[in-house]
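Across the two complexes that follow, chain A remains constant while its partner is chain B and subsequently chain C.
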Partner chain A sequence: MKVHVKAFATFREVMDSQFDMDFPKGATIHTLLAELTGKFEGLGELMFAAPGTLRDFVNILKNGRNVHFLAGLDTPLDDGDVIALFPPVAGG
Partner chain B sequence: MDGYAGKMVYADLSARKVTIKPTPMELKKQYLGGRGFGIRLLTDMVDPKIDPLSDKNVVVYAAGPLTGTGIPLGSRYEVSTISPLTGTAMSANSGGVFGWKMKKAGFDAVVVTGKAKKPVYLLLDNGKAELRDAAHLWGKTTGQTTDAIMEELKDDKVRVSCIGPAGEKLVLFACIINEKARAAGRGGVGAVMGSKNLKAIAARGDLPIKAADEAQLNVVKDRVRKKIEENGIEKALHNYGTAVLINIINENYVLPTRNFQTAHFPNAEKVSGETIAKTILKKPKGCFACIVQCGRVHEFDGESGEGPEYEPDWAFGPDCGIDDLKAVARANNICNEYGLDAISAPATIACLMEMAEKGYVKHPIRFGDAKGMLKLVEQIAKREDIGNELAEGSFRFATKYGHPEFSMSSKKQELPAYDPRGIQGYGLATATSVRGGDHVYGYMISPEVLGAPEKLDPYVTKGKPQWVKTFQDLTASIDASGMCLFSSFALDAQDYADLLTATTGMKIDPAELLKIGERIWNLQKLYNIKRGLGRKDDTLPARLLNEPLKEGAPTGQVWKRDEMLDEYYTLRGWDAEGTPTKEKRKELGLA
Partner chain C sequence: MAVLSKEQKERYRRQIAVVGEDGQEKIGRTRLLIAGAGGLGSTAALFAAMAGFGTIRIIDPDCIEETNLNRQLLYREADIGRPKADTAAKALHAMNSSIDVEPVTAAIGTAPARDLIRGIDLVIDGLDNYPARFLLADAAWKCGIPFIHGAVEGFYGQVCTILPKTYPCLRCIVPNPPPVRETPIIGVTTGVIGCIQVTEAIKLATGTGLPISDHLWLWDGIRQKSDRLKIERIPTCHVCGKDEYQIPTGERVR
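Coming up: the complex of A and B.
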């Protein structure tokens, strides 16, 4: 299945800003992040405080919904998903 | 020494007289400074029945005890007055270096009453204060005014906070600008200055600002500096400015688009903070003693200026259906030059765009028309043609044409850049804001969208009233302290309490800090009630309560006022009408 990935703000300093990825059925946000951190040097450090624990204020959206309110890193990926990755950001 | 400058200036413009008095201890204890000083003095001095643009209104400029003490992000001053736009007790906050200069000139606050016969400006000068002729400055932009005062005083260290032509022409959302680009933006504070024939306040001086316990303050300063530096949020603010929010709010499907008709703008990337950084950004810029530097200095096509910040970027951009970043930056510069609130001006234009497109107003403007938008901004500032009607704000404008429902405002002030339908607590915060449509009187976006200090589900109403109350009270005390609100992404109530204790020598713990904020909040509320506002006004436009969002994750959501308002009133100790009870007033010393 195909998933569209978008990265924003400081994440763009270490990875492409948007691209498609292919995953087998059963893949999760966790699968996606594992692949991305392997592919883009420095991303893991920006994203994770410890293995499996996202840094505070990192936000991952699946089609506009924060995965924190779905199943977190275990949230399953579905064909056609748009996954948006945000480092800590603020403003006002 | 207690962080305060120790004196206040009373400028009676009608009598052309200034008086200097000590800053009262009781005022410091109960209200800290900044917004607290402003609201207390204002509500004591101004009869609630007056017309805000009459000579009976009062303008208070006030810094806080932490302003200019060298604490990172301690840069703020507040301007408080009765708003001609909302009719509420208003305070507008600005950064830059003016607040620090006011204290270096020897003053915690300036209280302006009456009306000058001819234009004047007030010079705060190393412990003295003087009203000076400003007839030659009338009609000048904020940049020209600033340069002219520096030139006249032959002093490039003097700092100027002034109005532009929009304030002179009493545009109901005219703002005050210091250092050419920092705005006390909201509520028409600039129009009140204009109505008093007060063009500017200038400040210079070199008087010391000393803390009660310098050694302890240095310890706390180091701690907060570290917290700010280690918090990833501040890095994004430095690299991309506040407009870094454009993409995240859009990706959450809560970025109001085309006057809140939808909440997603497909071309958001073109006006995003990331695009600003790649294209027009020359360098980041900060306020006094700021280590974050979220300000943007831009340069393009021979034009230079500052911004756009997130709010104007959204308002001139997606809210007007415009994806031309240079037009947005240009429009923002016009607002700074003429002294227009860069939220209300574009949001009022967006209101016209919808009404014109739907045939309720005859006008050629349409969503996406950048050239037409730029022309309208100037027309508003000069009150020319339709600009004269738009200068009254979207609510009065839409009402005049028989359709107030197209005004996306609360208490007649235009709403900021978030769609409350997909962010329930934020909706409650803005609907109950004691200064009208607003985001910085209780920034619920932080927990509900950005995840700080913790992630709250934005679609859920449960638990939100308590969060809103706490955020509103904490923000009121931060605004009183002189700190920039952005510090709260990294700091907590204990940090502010420790900074205040070391600086002022007053024993302030987190509970006391929140109590001071609650006192300010209730005082504003009580005054608004005297001006005729009540439960009916604690709401949002009908569109947000009745028309569900149609795109993305929040599809189907509306803003659920009824699930939160009563609980919020109860938590606040208010009755069903939203009036603070006797017990609550007594508890806060407001009986």
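Coming up: the complex of A and C.
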């Protein structure tokens, strides 16, 4: 199945802005992040406080819905999903 | 209804050509709160004063420091050490003496947020941290006042106009804020985002166009590209999950 990934703000300093990825059925957000952190050097450090522990402020949206309020890293991926990786900026 | 004077018709002539005399009168009747007089706040305040917003209340607890001068365009080297709110008010009044400017030297949270927004029509977020943003945005949402959120880091920025009684609210957009720290900022980014925020204020005041209210608008200055990110409301949100809100004292603000 094909998933479209979009990255915003400071994540773009270590990864591409948007691209498609192919996954087998049964893949989850965890599968996607494992692929991404292997592909883009420095992304793991930006996203994870410790192995398997996502930094609180990293928003991962599946079709606009924050996976934190779905099934977290276990949220399943579906064909055609748009996954947005969005670290909110804070300065004024 | 306030009618434009001959001087105002001349001063705002180029702008009246865009928004009409009726639109200019609406801008003149609109009372703005600018929360924070830093990079975003000073840009927004300057353009709001030039546009002729009738009342600008500007709040900031701090004094001007040398490190502010890469982006906070209301201040000069001679202002270092002076309170930001008062100094901003003088600069705004010098720009446009026909508007009312109310400086408030206070931190969000030291006074009840509902007092800071009393009598205000629109809030522009020029704050630098989410705990303060949530205090003000929650109060604005619950009191029926639009909150024009903006934030920056480096070459990146984001804007969303949070309309009361609609979704998502700021808590839905940023459920887990980043830690408070000294944020790296290029001055031009606060200029871009501050101007987008005032654009939103002008649109809301005059009823022009559609606000950025159902998505987050993101600016990428490295690629000179903007994106719209749709964000759904969090079903369990404790702010926008209820349609009616009672001020804890039992007093309705508006």
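Note that the second predicted complex is superposed on the first by the 88 of 92 C-alpha atoms of A that agree within 3 Å, B and C clash if a C-alpha of one lies under 4 Å from a C-alpha of the other, contacts with A are read in each partner's own complex, and residues count from 1 in each chain.
Everything that follows uses one rule, which is that contacts are C-beta pairs under 8 Å (C-beta built on N, C-alpha and C of every residue); 3 or more make two chains touch, one makes a residue touch a chain.
Keep in mind the model is a prediction, meaning the values are calculated, not measured.
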Kindly classify A:F8 by the partners it touches after superposition: chain B alone (first), chain C alone (second), both, or neither? both
After lining up the shared chain so the two structures overlap, which partner does A:A90 touch, if you call chain B first and chain C second: first, second, both or neither? both
May I ask you to decide whether A:T53 touches chain B, chain C, both, or neither, giving the answer as first, second, both or neither? neither
Look at A:N66 in the shared chain and tell me whether it touches chain B only, chain C only, both, or neither; answer first, second, both or neither. both
With the touch criterion stated at the top, can you tell me which chain A residues are shared between the chain B interface and the chain C interface? 6, 8-10, 12, 17, 56-57, 59, 61, 64-66, 68-69, 84, 86-92
Residues of chain C defined as touching chain A within the complex: 36, 38-41, 125-130, 150-154, 156-158, 172-181, 183-185, 190, 216, 218, 220, 222-223, 225, 227, 229-232, 234-236
Touching residues on chain A, where the partner in the complex is chain B: 6, 8-10, 12, 17, 55-59, 61, 63-66, 68-69, 84, 86-92
Which bits of chain B are touching chain A when the two form their complex? 231-237, 239-245, 247-248, 251-253, 273-274, 294, 309-311, 439-440, 443, 445-446, 449-452, 455, 457, 459, 485-486, 489, 552-554
State the interface residues of chain A toward chain C in the complex, per the touch definition above. 6, 8-10, 12, 17, 56-57, 59, 61, 64-66, 68-69, 84, 86-92
